[in-house]
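Listed after this line are the structures, all set down as structure tokens.
Shared between the two complexes below is chain A, which has chain B as its partner in the first and chain C in the second.
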Partner chain A sequence: MALLEVEDLRVAFGGATAVDGVDFHVDQGQVVGLVGESGCGKSVTSLAVMGLLPRRGVTVTGKARFEGVDLLSLPRSDMRRRRGSDLAMVFQDPLSSLNPVVKIGTQITEVLERHRGLRGDAAVKEAEQLLDRVGIPDPRRRLGEYPHQLSGGMRQRVLIAIAVACAPRLLIADEPTTALDVTIQAQILELLKDLVDSEGTALLMITHDLGVVAGLCDEVNVLYSGRVVESAPARRLFAEPTHPYTVGLLNSIPRLDLPIHEPLKPIRGSIADVIRWKDGCAFAPRCDRVTEECVEGEPPLIGTAHAHRCVMAEEVA
Partner chain B sequence: MTLAKIERLDRLIEAGAQARQAEAGSLWRQSLRRMRRSPMAVTGASIVALFMLVAIFGPWIAPYDPTAQSWGDEVFLNRSIFPGPRPENWFGLDHLGRDMFSRMIVGARQTMLVGVVATLIGFAAGAVVGGVAAASGTFGGRWGQRIEAVIMRTVDVALAIPMLLLALSVAALLGPSLSTVMIAVGVAQIPIFARLLRGSMLAQAHSDYVLAAISLGVPKSRIVLSHIFPNSLGPVIVQATLVLATAIIEAAALSYLGLGNPDPGTPEWGTMLADAQRFLSGAPQLAIYPAVGIIVTALGFTLLGEAMRESLDPRLRRQS
Partner chain C sequence: MLRYTVKRLLQLAVALLGLTLLLFAWFKALPGGPENRMLPDNATDQQREALRQALGLDEPIWSQYGEFLSRLVHLDFGSSLSSGRPVATELADRLPATIELSLAAMVIAIGIGIPLGYLAARKRGSWLDFGAVSGSLVGICIPVFFLAAMLKVVFAQELAWLPTAFRLSPGLDYTEVTGLRVLDGIITGELDVAWDAFLHLVLPAIALASIPLAVITRITRASVLEVVGEDYVRTADAKGLKPQTIRGRHVMKNAMLPVVTVIGLLLGSLFSGAVLTESVFAFGGVGSFIYQATTERDYPALMGFILIIAVFYVVLNLIVDLSYGFLDPRVRVRS
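Moving on, here comes the complex of A and B:
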């Protein structure tokens, strides 16, 4: 059984549909990528799974089964107990995700206290081990410091330490490397990979960086305009991308094996306005291979191991 | 690389580490360091410190007993002309022949006491009101939002009443005394503090670290008390120093209107100002001394508050 199974998830902010029927699953110990450009619904999907969306003005429907239990219909108090212990999240901006006036140590121990009942010295000792585990030198001193005294990479390590403090079975990382520079990005990804391998934690990686996906993920779901347009094992996705959007994404990445001065091929236009939604393929207005068939109705997700949502798929491949 | 080069590098690294250590420190310590470099803050702090010292040690510094009447050898030629500054009485004598300099020094204590206590009352009560409103509105669900609405509308009504009028009605209700002035001025400040803290807490409630704390299952009460509240205090503390200045002026105004401490034995700047009114044409110096005292004290607190606001403002804060 899948660890997390998201089924027909829909999130609407008033009239605007941000997530429009997303299905994917994460197996035990697996790294699954959720890829797409800004505004495609990646972050909203993760927030919905964690139950962190505001209740006012937001409608969430569908299912998000975690070990068979639907998280979306759980009472709020049960969900609160699960957050941090069963599933935890690492956010994009490590500086703003840490409380600026609370010491690092306190921010770690409060989670240990809440979910593992550790108090006093035991909690501090455990916090120290956690910092050591995520590769922070001199952890004892760091516990007494404030977030602004740490570098960006260190802060993200602290956030990861807090997230894995209670050994969650699923870790959701929402663009954990976006705010960091390239060398630090690589270190953080290495750390996440290491944690996943050694603890057997499943990781849902939300990113717009296909390089991150290539290096880390087992399975990839490409999101466009609130829908999964392609879903495949990472290797197959890079080897034979089927959906024109995925092809476009891959074409717009600079590559070392292309001749110098070869211009990148951007995807023309910008992401469709979620409010003015019509029938037909959401990508049709930007697609180079658009036909009449594309605007007649929403294409279904075809295939199992390597699924895609395009009527022209065979020709693209 | 030669050995000397390596050594030099080592020293550089060490110096860097030391500099970093020096730069370290909490948010508050950092802003304190910034304040030490600002002339405005230094001036404000010096004035406040000077008046605080006078307030504490006043009775021992004063050359005469502030209540002793020393007309004796003076001639009652013209009761509306009083001896002005002279070597034995630096500020002259008042209408009852009391030494003005001693009265000013001893009076500082009352004035400062009223200002500080009134601000503390306003701060504490305002923090509770605003904090409860913000917390219930953010985390209390539908009922919490109603509670917040009721509290904040009440605060709005109170804000619409002129502050002096509000203080005046409270003072009239309790009868003239020193504690009346403190409570009256303090109560008049509650709405400002409540509104400010609520706004500040609401802003913090939508920050990323609160979302992160929720995502880790940290209980709501803990999020409010140990995450949101301490982060929201900055602007409120700055407001407190600014309110201190107005509180002193208002306390003086209440005393001037006769709602202050009725005990003639304890000099107070506002009462002194009120007493001097009758002799304004003949002896304006009697009004000028306490007025200048009030103005300079208020100025000191305002400068200090303004400097604190600047050093704590994240938009003006330099990244270190």
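Moving on, here comes the complex of A and C:
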């Protein structure tokens, strides 16, 4: 059984649809990527699964089954007990994600207190071990410091320590390295990989960076305009990208083995040029291979292990 | 934190010294020196000169300033030109009433303003929010003396629920300890005095609280609205913390920063409001005394008053700065 199974997830902010029928699953101990450009709905998907979207003005439908229990229909207090303990999240910007006026130590021990019932010295000792585990030197001193006294990389390590504090079975990381230097990015990814490998934690990695996906993920889901357009094991996705959007993403990566003046190949248009999925392929307005068939109703998901949502896929491949 | 405190204390000393210099210069620059006020119009030049010598006004300016400072340190502001009693005594008699009134107003403003502002923010767009926002607008707009007079007419005269004036009903036996009568009544166990003083305090305190209450409500609301949208509040939520932990540790501690600053500023301005309120309710604070001193060019009285208000203001700002440092670790700059 899948650890997390998201089925036909839809999120609308007032009239604007951000997530338009997303399906994917994460198995025990698996690293799954959710890839797409800004505005494709990947962050909103993760927030919906965590139950962190504001209640007012937002409609969430569909299912997000975690170990068989639909998180979306859980009472708020039950969800609150699961957040931070069964499933936890690491956010994008480590500075703004830590409370500037509360000591690092408290920000870690409060979650230990809440979900593991650790108090006083026991909680502090555990927090110290957690900081040590995420590679922060001199953890005892750091516990008494405030976020502004730490470097960006260290802050992200603290957030990771907080997320893994209660040994969650699913860790969601929303662009955890975007706000960091390249050298630090590699260290943080390495740390995440080590942590999930050693604990058997499943990781849902939300990113726009295909390099991160290649280095980390077992399975990849490519999102476009609030829907999965291609999903495959990472190796197969890179070997035989099928959906024109995936192909476009891969082609737009700068490459060191091409002549230096070769221009980059971006995908033309922007994510704002869409048609609704129920009328046809949302990517059609930006697609080089678009035909009449593309805009004749909703494109189905074709295939199982390596699935895609392109009616013209055979010709593309 | 200790370093920060010491640094702020030193700054306070400098500020106070600068203040005395300013005060001294200001009184020197005023036209029509005190000798003209103290002597009748038909006094001779000789008599004026004699008085100037007696008052030390013929000394060099720096030695006058030195004398001025040394007297201030001994709380010797001279005698009031109107009553002939020492200014320090006059003020000491009247300040407790003003302090009691200001404190009561501040307790109302903070005690209602912060929770109300918080609720308005959390229930944004609700009737409560609408009421709080428009109510605070009214509170800011109504002149204090007008509100005081209206409260008096409605609740004291028409409905007769509360006393119209003074700090105690006539005929009550009162033992002074601190001069804050509600407090004194509780300390000495004269609960009837405490209750009576409390009833006398209600209307003036409400009138005086109107502006600070409105300002604190608005600032709290705006501040909470800003903070609940911050990433770290979402992080706290993602940790599955209890709502009360999120509220206290993550929302309010951050949201209080601008509120504390504003409270400090409001406390200072409360005194001017107190002067007006006191006159409406014949509350017997420094208000009427200062009004009289101003119209009669009673320089020693004014000087003493201004100095005390200034010290009060500077000390308040120190407290605000220190509590700021306590609330926000980023303020505790390491030099």
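Going forward, the second predicted complex is superposed on the first by the 311 of 317 C-alpha atoms of A that agree within 3 Å, B and C clash if a C-alpha of one lies under 4 Å from a C-alpha of the other, contacts with A are read in each partner's own complex, and residues count from 1 in each chain.
Just so it is clear, a residue touches a chain if its C-beta (ideal position, glycine included) is under 8 Å from a C-beta of that chain, and two chains touch if they have at least 3 such contacts.
Given the structure is predicted, the values throughout are model-derived calculations rather than measurements.
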{"item": "Superposed partners chain B and chain C on chain A - clash or fit", "value": "clash"}
{"item": "First, second, both or neither for A:E67, with chain B first and chain C second", "value": "neither"}
{"item": "Touching partner for A:E7 - first (chain B), second (chain C), both, neither", "value": "neither"}
{"item": "Touched partner set for A:E199, first chain B, second chain C, both or neither", "value": "neither"}
{"item": "Chain C-contacting residues of chain A that also contact chain B", "value": "50, 52, 80-85, 88-89, 91, 93, 96-102, 106, 110-111, 114-115, 146, 148, 159, 162"}
{"item": "Residue ranges of chain A touching chain C (in the complex, touch as defined)", "value": "50, 52, 79-85, 88-89, 91, 93, 96-102, 106, 110-111, 114-115, 146, 148, 159, 162"}
{"item": "Complex interface listing, chain A residues touching chain B", "value": "50, 52, 80-85, 88-89, 91, 93, 96-102, 106, 110-111, 114-115, 145-146, 148-149, 159, 162-163"}
{"item": "Residues of chain C defined as touching chain A within the complex", "value": "230-232, 234-243, 245, 249-250, 253-254, 257, 327-330"}
{"item": "Chain A contact footprint on chain B (complex, rising order)", "value": "24, 26-27, 207-209, 211-219, 222, 226-227, 230-231"}
